[in-house]
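Presented below is the structure to which this report refers.
To keep things simple, chains are lettered A, B, C and D as they appear, and every chain counts its residues starting from 1.
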Amino acid sequence: DVHTRPRVFSVWERYRHRQAHWFVECIAETMGVFFYVYAGVGSTAGFVIGNLSNESISSVLQIGFAYAFGILFALITCGSTSGGHFNPAVTICQVIFRGFPIKKACRYIVFQILGAFLAGLLVYVQWRVNIRATEAVLHTEGKWDAVMFTPQGLAGIFALYAPAGSNLGQVLLNEFVCDFLIGLVIWSCMDPTNFLVPPSAGPWIVSFSYAMCIWGYSPVGLSTNTARDLGTRLAVMAIWGTPAAGGSYAAIAALTNIPATILAACFH
Amino acid sequence: DVHTRPRVFSVWERYRHRQAHWFVECIAETMGVFFYVYAGVGSTAGFVIGNLSNESISSVLQIGFAYAFGILFALITCGSTSGGHFNPAVTICQVIFRGFPIKKACRYIVFQILGAFLAGLLVYVQWRVNIRATEAVLHTEGKWDAVMFTPQGLAGIFALYAPAGSNLGQVLLNEFVCDFLIGLVIWSCMDPTNFLVPPSAGPWIVSFSYAMCIWGYSPVGLSTNTARDLGTRLAVMAIWGTPAAGGSYAAIAALTNIPATILAACFH
Amino acid sequence: DVHTRPRVFSVWERYRHRQAHWFVECIAETMGVFFYVYAGVGSTAGFVIGNLSNESISSVLQIGFAYAFGILFALITCGSTSGGHFNPAVTICQVIFRGFPIKKACRYIVFQILGAFLAGLLVYVQWRVNIRATEAVLHTEGKWDAVMFTPQGLAGIFALYAPAGSNLGQVLLNEFVCDFLIGLVIWSCMDPTNFLVPPSAGPWIVSFSYAMCIWGYSPVGLSTNTARDLGTRLAVMAIWGTPAAGGSYAAIAALTNIPATILAACFH
Amino acid sequence: DVHTRPRVFSVWERYRHRQAHWFVECIAETMGVFFYVYAGVGSTAGFVIGNLSNESISSVLQIGFAYAFGILFALITCGSTSGGHFNPAVTICQVIFRGFPIKKACRYIVFQILGAFLAGLLVYVQWRVNIRATEAVLHTEGKWDAVMFTPQGLAGIFALYAPAGSNLGQVLLNEFVCDFLIGLVIWSCMDPTNFLVPPSAGPWIVSFSYAMCIWGYSPVGLSTNTARDLGTRLAVMAIWGTPAAGGSYAAIAALTNIPATILAACFH
């Protein structure tokens, strides 16, 4: 005869099942963030090292394209599993406007930052020979202290630093306007009534909104994404220690995009 | 019992309702123009400042891509609200060929110029540290007067100036041919019988027609859009005063695209 | 009572009607060739003049993109009117494989060459100030005779010249392989059973096949299209006289693409 | 009366028929690999020769675009005939996960390598004048031995060499991560349940996944494809002899992508 299992077992099983699903979703968020950070930071590495060693390896144009296609691949490969946030600001907007559960949102954000952190470390390891060689040149030229933790320095490959002479108001504004415009494009592409954007075109358009901002505004300092900025900043601190943290600019760069994206969602 | 409201109230209400709708449409036109001017002028800022300081930040190729995607985002985000003119010449063509109301057209044009003006000011503020630094270098090198209000100078980021040695006939022709070709592409993409251009591809193709003209003909002086040119020229005059106006070339650059677009519409 | 018109009238009318239709088709071919020659040669002008004056205006990458989008616009705006040949080799293939009338083909080819000729002249006029200034510099440096009619010289903007040291076999091979691959892409995109290429994607893919060949093989001398080459060569001879003709290399460049395209059609 | 043919005849006929079909499929694989190797290596030739002679002909950005469109054309023209592997790693995955016959897989791989070999030889012949001229300069400057068989040398156009100072672990990791990500994109695009990727968009997205890896990671040494690497390495050895083989790095570059692609298929 059939005798029922103690209730605790099925609770446990259901919990584990939910856990597994959560875990797959979180891995998808991690992979997605990993994808575009890996794509973009790789080209940035070429740009910074190329400039420091007078070689032409990369360009702002190339960095923009690399991020754009990285975001496209993130949306294509992982978007359908996790919903394709890949950005704490988008996750927070989903909590506010579409009732996304807060607990899940927190997990998403942690795993997004993890993805950026892992990508940052991997890019460092893959470019290590070139980074070390360039660092050695900076040391012998006595420029290491002045250049290292600036947008043109090697740590600037991974994390954003305040450009020389910039004030925080300007940095805040730069960040805010770009993130607002990106947010506007994202919400327009997610709008199912927008007949100019079929589902298959949305990821392309969202991706290139980042490229556009990188082309025009990365030279004056741009972060656009808390996960990307915080994750790679942790990676860079793991490599070069606390001087790589970047001060109050770091906090602004890491957080401005959140209210900007929320405002764009409201405006739309 | 129901007693009817005085007629004046409902007239007023209807008027206000129409006003609000007009206002939303005008904001959409402003946002659209803002989008592509912001995108394009940001990359132009990088190009001009990079050339003056011997850094490689941007390129004509990048400026073309930036404008193209800016126009794409304008059409995607604001096109369905306002009809997606974003260009006084297109608005005037709609008046002539499709019975668009003249009063509304005037509002559209004013708000288009406003969008370009706001974008110009914002780009200035976001790039101010770099612009000021480059201006200081020009002053110390004694080049400020000679370079500032030329296509290679800092004011050339925002407004178009006559290239050295060019005559107005050539500028007129350059402007006219490019605008005619862009107009031809626009009318082809808006033609619903054109099976090579599904609705979702139209914005992409129109956007890249601007990029093509920028790549080939911006080095000899190109405006393509009265709103863009007049709006950013006003912005640049608000920043550097009347010497930034640019003389008779300004008038030609600002207005040539209108007859060219009309002619393209006829030709099509 | 109705009395029938003399037969000669209706024959004449039908003839005129056919004429008008032919004329519209031929104008479409002219416009199409004009479009991509204008797009591509404009960027080439920036590249050649930029290299001669040590400015960074254009690049091989940009020339490739410019031609690609020029071809796209040609197909979009004029393709549905005339069938979108824009290339004598394609017209000849249509005669051989799809029974396109020979008389009509001859007209098409003449009007294709006319389009390239007009585009070449217009580009010259629009860039004239810069071309004249660069010519003056070449004269004062005594380099005019050595550089002018080479791929790096000002005439090289419009027509193709044999690169220094190249032999005709190599040029022939370069031309042939590129044109064969472009032809293969064209016939694949025109194949209605190819489910990877919907009608709206075909023009994009064909366009970028030219870009790919320009990126990889234009530095060693590439023409790809008899109309483009012959038309702009006539333009350049109208400007600088017979030394601009370019010798036996000219004949090869102008004609190799025809057998290559035919072979690609067979292969497919 | 009908008398039956000896059985040997029909066996032979069926064999020949199968042979012919196999042969067409194998030619399609050869052509496909030829397409993207020809596209990419041509732009690489411009980049390497341009750098050695201080001319700006190509860039890492351009090489990425060239490979991307080369892969797109391969998929468009030959994909429907042979299944569009063009990569031994994809063929091996098809054997493991989708029951692709092993014998056929071996033929595919041989013909893939043949395609890359032919493309390598053709690129050499088409660029020979420029390659010889650059080699002569390297000889007179006494740099030939030091530069020739490095990523910056002329043999580096065709085959991959270990960058100076790199260790094999780093090269292995670089190769593995890139190939894993490309594999992930390929399997996502082949997944028919992925509504973000219609069949016509798949080839574009797969193509640009290679571009992204080239932009970010080719400066530290990237092969991504056994056929491409082995085929062009054989071509380069046919040209410059055994010193062009490249040692243990060659083996790693040529084979790492296979387990990486398999792992990506598992992960997906």
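In this text, a contact is a pair of C-beta atoms (placed from the backbone, for glycine too) under 8 Å apart; a residue touches a chain by one contact, two chains touch by 3 or more.
Not measured: the values here are computed from a predicted model.
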item: Rotation angle superposing chain A onto its copy chain B by C-alpha atoms, nearest 5 degrees; value: 90
item: Classification of the chain A:chain D interface as same or different, half of numbers criterion; value: different
item: Length of the line joining the C-alpha centres of chain B and chain C, rounded to whole Å; value: 31
item: Where chain C touches two or more other chains, by residue; value: 56, 59, 61
item: Touch-based graph of the chains, sorted into line, ring, star, complete or other; value: ring
item: Pairs of chains in contact (touch as defined earlier), listed by label; value: A-B, A-D, B-C, C-D
item: Complex contact set, residues of chain A against chain D; value: 31, 35, 38-43, 45-46, 49-50, 55-59, 61-62, 65-66, 69-70, 72-73, 75-77, 79-80, 122-123, 125-130, 133, 199-200, 202-203
item: For the chain B and chain C complex, residues of the former touching the latter; value: 51, 56, 59-61, 64, 163, 165-167, 170, 173-174, 177, 181, 184-185, 188-189, 193-198, 201, 205, 208-209, 211-212, 215-217, 219-220, 268
